[in-house]
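Should a chain be cited, it is by its letter among A, B, C and D, assigned in written order, with residues numbered from 1 in that chain.
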Amino acid sequence: MPSIAKPSAIHPSLHRNDLGLTIRDYEGSMSTLCAGCGHDSVTAAIVRACFELSLRPHMIGKMSGIGCSSKTPTYFVSGAHGFNSAHGRMAAIATGAIGANRELTYIGISGDGDSLSIGLGHMCHAIRRNIKMLYVIENNGVYGLTKGQFSASADVGSKSKRGEPNRMAPIDPVMLGLSLGATFIARSFSGDKEQLVPILKAGLAHRGFAIVDVISPCVTFNDHVGSTKSYLYTRNNMLKVNETDFVPPASEILADIGQNGAVAVPMHDGSVVRFKGVPPDYDPRDRRKVYDYLQEHHGKGEVVTGLLYLDESVPDMHELNKTPAVSLSKIPYEKLCPGSAALDALQEEFR
Amino acid sequence: MPSIAKPSAIHPSLHRNDLGLTIRDYEGSMSTLCAGCGHDSVTAAIVRACFELSLRPHMIGKMSGIGCSSKTPTYFVSGAHGFNSAHGRMAAIATGAIGANRELTYIGISGDGDSLSIGLGHMCHAIRRNIKMLYVIENNGVYGLTKGQFSASADVGSKSKRGEPNRMAPIDPVMLGLSLGATFIARSFSGDKEQLVPILKAGLAHRGFAIVDVISPCVTFNDHVGSTKSYLYTRNNMLKVNETDFVPPASEILADIGQNGAVAVPMHDGSVVRFKGVPPDYDPRDRRKVYDYLQEHHGKGEVVTGLLYLDESVPDMHELNKTPAVSLSKIPYEKLCPGSAALDALQEEFR
Amino acid sequence: MLRTGVEIATRVNDFAIKLANVNGTGSASANGLLMQAIFRMGIPVSGKNLFPSNIQGLPTWYEIRVNKAGYTARALDYDLMVAMNSQTYDHDIKEVRKGGYVLFDSSWPLDPHLHRDDVTFLGVPLAEMCTQSFRESRERILMKNIAYAGSLIAVLDVDMQIVEQLLDEKFSAKKAMRESNLKALKLGYDYAREHFDPLPFRLEKMHENSDKILIDGNTATALGCVYAGATVAAWYPITPSTSVMDAFTGFCNQYRRDKETGEMNAIIIQAEDELSAIAMVIGASWNGARAFTSTSGPGISLMNELLGLAYYAEIPAVIMDIQRVGPSTGMPTRTQQGDVLECAYASHGDTKHILLFPSNPAECFEFAAKCFDLAERFQTPVFMLSDLDIGMNDWVVPRLTWDDSYRPDRGRVLDAGQLDEIKKYFRYSPEDENFVAARTLPGVSAKGAFFTRGSGHTKLGAYTEMPDEYQEVLDRLLKKHKAAAKFVPAPVIERRKGARIGIVTIGGCDPAVREALDILERQGQPADYMRIRGFPFDESVEKFLNGHEVNFIVEQNRDAQVKSLLILETNVPKDKLRSVLVYGGFPLSAKWVIEGVLSQRETYAIHS
Amino acid sequence: MLRTGVEIATRVNDFAIKLANVNGTGSASANGLLMQAIFRMGIPVSGKNLFPSNIQGLPTWYEIRVNKAGYTARALDYDLMVAMNSQTYDHDIKEVRKGGYVLFDSSWPLDPHLHRDDVTFLGVPLAEMCTQSFRESRERILMKNIAYAGSLIAVLDVDMQIVEQLLDEKFSAKKAMRESNLKALKLGYDYAREHFDPLPFRLEKMHENSDKILIDGNTATALGCVYAGATVAAWYPITPSTSVMDAFTGFCNQYRRDKETGEMNAIIIQAEDELSAIAMVIGASWNGARAFTSTSGPGISLMNELLGLAYYAEIPAVIMDIQRVGPSTGMPTRTQQGDVLECAYASHGDTKHILLFPSNPAECFEFAAKCFDLAERFQTPVFMLSDLDIGMNDWVVPRLTWDDSYRPDRGRVLDAGQLDEIKKYFRYSPEDENFVAARTLPGVSAKGAFFTRGSGHTKLGAYTEMPDEYQEVLDRLLKKHKAAAKFVPAPVIERRKGARIGIVTIGGCDPAVREALDILERQGQPADYMRIRGFPFDESVEKFLNGHEVNFIVEQNRDAQVKSLLILETNVPKDKLRSVLVYGGFPLSAKWVIEGVLSQRETYAIHS
C-alpha cells in the first residue's frame, strides 16, 4: 500500500551523541496515527531518550501487542528489530525474548486495553519476574484501534464520546504495580516531554521491570469534554510529585547528588536518578508512603505524575535464575550438548 | 469408578435451621482429597455457613475452576447445581451465570494457581465488575493437583518439598484486591473455623464481590518445615486483626451494635457485620489505613487475618447495568421479542 | 453481468464506479448518500467499502455497482473513478476501464505522468469551491465529499428530490448541517452541469426495491439475537464483529428498556478478552439464558478450550464469527472464509460443532435467531459464520419478516413439575431420538441439581475414568451431532437444463456465483448450483454432489476448507470435488469464479 | 501373543499380572521394583501404570506383561491379580482369567460373594505381618507393598540377587530404608514360599535386554531437548506433560550448570498459563534461542492464537504435546491420540503445521531433537505428539545413541558478515528451494533489522492490505509446508508375503499393532505395515496406501483424525481407508486391533 506523503518531521539540532549518531538515526517510519494522537508524542520522547542515552540501535528490542499504541514501535529506531505481536501477549513474548538474550535493551509499548484487559495476567507476572525492560503503557482510557470502547483504565464517571459515563472502578497500573511489588513505577503525560524523557531514561537504566504509565490522549475517541483522559483534563489535574533527573554513569554531576534536599538513587548500571522537589511526606523508596500519598491525592481527583516508586535492590529474572552474563542464544552448541559419552554414562541409571 | 468407603463424617448436633434443615442437608459427596487437606476444613466451614444462614440449597450456585480446591464444590450442598469448569475461568463463567440469574447465591471456589496465575485477569475483572458472589481462594502456595509446583502466592524464601526456595515476589490477593477497589476482602485460615465461618457468612451477605483468601495447607506437597503455607507456620505467624460477628437481619442483637468500641457495618440485605477487637490504628472501612496496617505487619512476617476491608456502598454488576430485580433467564419471551409490527416500523430506517 | 473491457454503448443502470478517499475524512457519509439514493430510485445496487485497518490518513475505497439485471457482486472494471486521494492517484487511475472516466479535484493540477488518453478526466475544483464557501477547516474537508457527491448526482442523473429527501431525514434535527450539505451538494452539482457532457452511462428510476431494505449483516445479526430473545451478550471488541454488539446494544435500549424504571431486559458485558467472553456465554447458558458472543478469527482461537467444555458438558452457546483475513492478525479489514475448519472442529480431543452459513443480511437475521434454537435443542455450541463483506457492507435484501407465532425451542429442559414426576434425575440420560438428554436449570429444584464438569463422566453424570463409561457418552455426542443435520438450514439448490457439473458455495459468494452461473450458461456451460447453509451436512448435500461428475467448490480461503469438510463429512469421492479459491481479501467477483471453473476445463471429461 | 481364555500350560516368561492398589500408598515403588527386576533378568517386559487424576485414596492399577517373544503391548487377560484395594475387589477379581490367581491381603477375610471357583486365591496376611514387624503407621502402609512384592518374587521366581542389588542401588544412601525394605520383602517372600505351590507360569533369565534401557518417554523427550541445545523452556504444569519439564530441569542442573559459578546455561520459566508459555517460546525463538514448551490438549487449545502468529510471521517454535483424553478436561490420567487434527491445523485462517509422531521413548529422544532442526529450517511451529502411555510409562527400548558430529541445523539465519555482503535485507525473500527466506536475529546488525508482524505483509516484509501482495506470501507458506515432507521422519514400512491389505498406525500403537500383525498372519490374514512418523506426508505414505486395496488406520481417537489427515493431505481415494478406533483411555492391546480388522472382513472384497 502506498505510504503517506506527509513531509517528514524536521529536527533543528543535528547534534550528535556519544556514538556520533543524530536524533534522526533513532527515528522510524512515518506515523499512520491520527494527527494529534498522544502516542506520537510518546514516540518522540522515546526517540529522544534513546538518542540521549546513546543506545546502539541494533541492540534495542522493540516489543508491542496490538492497538494504535502497539503500532508505534515502527515509528522509532528503525535500526532495531521490532515485534508487533498479538493483542495482550507482549509481556509474555518479551519474557521469552529477554530469557534468550539479556544483552539487548527492551522497550515494550502497550495500550491500556492491551495491558489492562486481555494482557493483564501477563503484565502482572512480568512484574513478578522483574524482567529487565522498559514497559510503556500509552494510556488513553479507550480502545483506539477498535473505535473508542472504554478500556479498564477509564475512570468512574468519565464520559464516552456518545456521552455514557463509565461506571466501573478503573484498573490503575500504578496502584496495581505497587501491590504486586513492582520495582519501578512512573506516571507521566504525553504532553509533557520534559517530564517524560528523563523518566524513560531512568526506566531504561532500571535493574528490572520499569512500568511507565503515560496518559496519552486519543484525539479521535477520547479527547472530548467529560473525558478524564483528554489533553485538557490531564493538564488541569496533573500533579507533579517530583522532578526526575537522570545522571548517566561517571558524570561529574555526581558530585552534588543528595545535596540541597534532593533524593538520589544510584542505579544498577552506575547511573543515578535524582529526585527534585520531593514533598516532605513523600519518599519514592517507601512503598507505604507512596501508596498513601497517591490514595490521598487520587481522592482529590488529582493525576499524580513523576517517577513514583523505585527500588534497585531486587534482582531481575536472569539474576534470579543464575543464568550467565552472556546471552543464552550465543552459547556455543558444544557447551550445551553433554555428548555421547555422558549419554552412555547416564543410561546406566535406566537399567 | 467405585467411590471410596471411608465412613461418612458424623455431625453430633442434628439441630435444625430456619428452613427446618439439618447440617447434613448442606453436605455433599465424600471428599477424595488427601486426609488432612486444608480444603476439607474449608468445605466444612462453608457447610456450616450455609446451614446457619438457612440458604435454600437449590438457590445456591457452586462454581469452580480446576484443581484440588476446585473439586470441593462436590463436597458441599449436594442440593445445589455445581459447575466445575475449566482451569482459571471460573470468575468469567460465574460472571455470565450471575448475569443470567441474579437470584441465586453464588459460591466460587478456586485455588491460588487457578486464581493468581491462569485466572488472574478474570478475577481482577470480576472485582472491577463487583459481581455479587462469595469468592474463596483455597490458598496453599502450590499447585496441588499437579503435584506441588510453586504457585504465584508462594512467599519469597518459602521452600519447596525438594528444598528449593521460591525467589519471586508473591501475588497477594488481599493487596491486589485493595489496589483494584475490591469491596470485601478477608483472609483466614482453614484451621480456624471460628474465624472463618462468620467471615463466609458476611461474604455471602455482601452486596458485591467478596474475596476470602483462606490459607489452606497442602499436607502432601507444602506442609513441611520451610514452607510459609504450612499448618505450623500459619498458626505461629497468624495475627487476627479483628473478630467478625455476623448478625442476621432483624435480630435482637442489633440493639447493642456500635457499643463497647465495636465497629458495626450494616450490610445491603439488612444484616450487620460487627467487628470486635479492632486495633486503634485500624479501620476496615478505610482503604488507606488497611493497606498501611497490612504493609507494616506483613513486613514483620505476620499473616494478618480477619475481615480486612468492607465497603457496602458500591453497586454490583446488575445495579450498574440497571437490570430488573428478577432473573433475566425468567423473563417471558413475549417481553423480549419486539414482534413483527416493530420490525416493519424499524425497517423504514433501512430504506 | 460482465462486459468486455472495450465496448462502451450508452448504458442505463449498468455500470460500476469506484471512489478513492483518505480514511477519516468523512467520505463514508457522502458515499453512503449516493448508494442510498440509487437504492431509493428502485435500482439494483451494491456498495462495497474497502477500508484500511487504521483510523485516519490511509487510503480507503468505496465501490458502487448498479445493475438493472440485479447482478450486484463486485465488478472489477470501473466506468468511473472518483479519485480523491492523491497518494493513490497512480493506482486508482490505472484501474479505470478503457473509455472510462476519472473525476478528480482540479484545485491542484494532475501530474502529467498520470494522464491516460483512453479515459476522460473530469476536473472539479472541489477544495477551491469549499474553501470559498465554508469557514471551518474540518467543515471544508467534510464538504468536499458532499461536493463530489453533488457532481456525481449531476453526471449520473441521480434523482435530486430523493437526495434532498435523504438530507431532510438525516438532518431533521440539525438544520444548519442540512443547509451546508445542500450548499456543498449544489456546488458540485452546478459545476458538473456547467462543464460536463452527459456520460455514456446513467441512472433511470426502476421499481425493484419497493419490498427491499438496505442493511448490513451485523445489524441484521444483532436484530436476530433480539428477536430470538437473547438476554446475555458478552464480547470483546474486534473488527469486523464490533458493530454486532453496537447494534445489539442500540436495539436493547430501544426495545428492552422499561420506559418508567429504565431497567433493561438484557445485559451486555464487555469482557476482558475472548476467553472470558465465551466463558460468560457458557455461564449464562448454563443458567438458562439465551446468550451469545460475537467475534472474529483471533477470538475463535482464544475460545478453543472453552468451546470443548461446552461441547463435552453439553452447554448451549452461540458464537457469531464475523470472519476476516487470517492467519494471526492478518488483514483485519479484509474479508475471508478462513475459519470454517477451525470452527467445525474447535478444541482438543474429539469435537464437532454446528455451523450456519448466511449469505446476506437477511439470512443473518434468520440464522442468528435459528442459532439459539439449535444451541438449546442440541445443548452445544453453534457458530454462525458471517464475514466482513456480509457483516459490514450495506446489502439490498428483501424486507425482513417475523412470525409472531414463533416461540423459542428451549430444547429438553425439565421444570420443577416434570422433576417431581420422575424418580431420580440424571443429566445425561435418558436420551431422545436426537440423542439429547434433558438438562435442568439452577434455582429450580434440589431434585434437579447435578454437577456440571468437563472431566470424564458417565451417562448418569457421575465422574468417571473408566473407558466404557467415558466412551458411551462420547459416542452419543457423535450421534447427536449427526442428528443435527436435519435441523440446520437445508442447502439452496437450483438446477439448469443440460447441467452436468455442479457449482457449490457458501455465504457471501452467492451473488458472484449466481452471476457466473448465468454467464457460463450463455457460454454453453450450464451448471447446477448448490449453496450450503449448514453443517453437519444434510443428505441432500451428498445427493447433489454425487449427482454430478464434477463439483466446483467456490470459497474464500487458501486451503479449500469447505471442500475439506465435504470430503471428511460426506461419502462423496474426492475426485468429484474441485476447488475455486479466492482469498485475497476483497469481496468475490463473478469474473474469478468463471476463470476458476474454465481454467480447469481440460481437467475433466465433460462438455461438448 | 494372545492366548485364549482357557488353556493354562506351564508357561515360562509369558504371562500378565495386574496389581490393584490405592493411590498415594506408595505402591508405585514396589511395582517399579518388580518391573525393573524382571527387566534385569533379561526378559522382555512392559509395565503400564493406570492411575487416577487424584493425589490420594482413589484406585490405581499397574500391569506387568512378560513375554519371551517380545510382545509387550497391553494384555487384557491377567494370569495373576494382586488385589490390594478392597474398594475394587469386585471389579478386580472379575478381571482374572479362568484358571488365574488372586493374591490378596488375608489379614481380613474375603467377603464370600467375591469368591470364584475358577481362580485360585493366595492369601497373604500382609497388614498383619507388617503391623507386627514395623512401628510407624506410614511405614506399615509402605512396607505392605514391599511385602507383596516379596511374595510375588517367590511365586514368580524373580531373581532375589537382582532384587537385593536394586535395593542396594536405590538405598545406597539410606541404609535403614534398605534394611526395612529387605525385611518386608522377606516377610512376603518367606510366607509365599511356605504356603504356596509353584504357579503354572514363572520367570526364567534371558538375555534380551543387555543393549536395552528402561525409560519413560517424557524423560527421553527432555533429554532430546538437552542434546538439541535447547536453552529456553517455558511451560505450565499439566498432566501428563509435567514430567518433561521436571526431567529437563534435572538434566540442566546436571549438564548445564557451571560447577564453579553455579550459572546454568538454560532458563526454565514456569509460565502463568499456556498462552504465555507459547508466547515465551516464540519470543525466545525470535531472539535466536532453541526454545520449547511441553503441554497437553487443553494447553494446545489455549495456544491456538499464537501458533497462528508463529506460522504466519515464520518464527520457529517447538511444542511437545503429551496427549491425554479429551475433550475439555477429559480424563487427565488416561491416554489418547486426540489432538492430531487440532495440531495439524491449529489457529484461525489458513494454517498447516509440522507434526512428528514418536512411538516410544527412544523415538521421543530422537524426534525431540529433530523438532528443533525442523522448526529452525522451516521457521515454523513443530509439534511432537507423544501421549500419556509413551510419556509416563516405563518402556524397554534400545539404548539411546548420540552422534557427536551432530550440529544444529539453524536454518537460514544471516550473520553480520553475510548481511554486509547483500545490498539490502528483506525478511521474506529471496526464498530457497524449500521456500524458506533468511531471517536475521536481533542484536546482530542494524542492517538486518526488520519488523516482525502477524498482520498482512509483503514478501519484502512491509505491511500490506493488498490482495496480491498478501496472497504471494500465503501461497509460499503452503509450498514451504509441502517441502517439509522430505524432512520429517519417513514412515516405517514392513511388508509381508501375500499381504493385500495395509495396516497403518502412528505412535504408541506400534507394539500392539505389530503383535496383531503376527497373529493375523498366522490366521491367514497377512498385512503390510506402515507406521507414519511425520506430517506433512512423504510420497512413500501415498504410495503405500495406494498400493493396497484396503488400509486400516489404527488410532486412539473417536473421529479417525489420522485417517482424516490422510484423506485431506494425500491423493488416496477415501474407500481405500478404513478405521480401527480405540479411544477409551487405556493403552492399546493387540486384541482390539484384530477385532477391529476382522469385524470389517465382510466390508471388503479381499482374501481367500
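Heads up, the rule we're going with is that a residue touches a chain if its C-beta (ideal position, glycine included) is under 8 Å from a C-beta of that chain, and two chains touch if they have at least 3 such contacts.
On a predicted model such as this, the values are computed, not experimentally measured, just so you know.
Chemist: Taking each chain's centre as the mean of its C-alpha atoms, give the chain farthest from chain A.
Modeler: Most distant chain from chain A: D.
Chemist: So using the touch definition from the top, which pair is joined by more C-beta contacts, B-D or B-C?
Modeler: B-C
Chemist: Centre to centre, by mean C-alpha position, how many angstrom separate chain B and chain D?
Modeler: Taking the mean C-alpha position of each chain, the two centres sit 40 Å apart.
Chemist: What whole-Å value do you get for the distance between chain A and chain B if each is reduced to the mean of its CA atoms?
Modeler: A distance of 35 Å separates the two centres.
Chemist: Nearest whole angstrom, what separates the Cα centre of chain C from the Cα centre of chain D?
Modeler: 44
Chemist: For chain D, what residues touch not just one other chain but two or more?
Modeler: Residue numbers touching two or more other chains: 52-53, 272-273, 298, 305, 309, 328-329, 453-455, 464-466.
Chemist: When you check chain B against every other chain, which residues touch at least two of them?
Modeler: As it turns out, chain B has residues touching two or more other chains at 1, 86, 117-118, 120-121, 124-125, 129, 152.
Chemist: Can you list the residues on chain B that touch chain A in the complex?
Modeler: 117-121, 124-125, 128-130, 152, 167-169, 171-172, 175-176, 178-181, 287-288, 291-292, 295-296, 314-315, 320
Chemist: Considering only the defined contacts, which chain B positions touch chain D in the complex?
Modeler: Per the touch definition, chain B meets chain D at residues 1-6, 32-35, 66, 68, 86-88, 117-118, 120, 143-147, 149-150, 152, 220.
Chemist: What residues of chain D sit close enough to touch chain C in their complex?
Modeler: Answer in residue numbers: 52-53, 297-298, 300-302, 304-305, 308-309, 311-313, 325-334, 336, 338-339, 341-342, 345, 347-352, 453-456, 464-468, 470-471, 474-475, 478, 557-559, 561, 564, 567-568, 571, 573-575, 583-586.
Chemist: Mind pulling up the chain C residues that touch chain B in the complex?
Modeler: Its residues touching chain B are 39-40, 209, 213-215, 223, 226-227, 229-232, 234, 255-256, 258, 261-269, 271-273, 275-276, 279-289, 291, 305-306, 309, 399-404, 406-408, 440-446, 448-455, 463-466.
Chemist: Per the contact definition, I'd like the list of chain C residues that touch chain A in the complex.
Modeler: Residues 24, 52-59, 86-88, 90-91, 236-239, 242, 270, 272-274, 298, 328-329.
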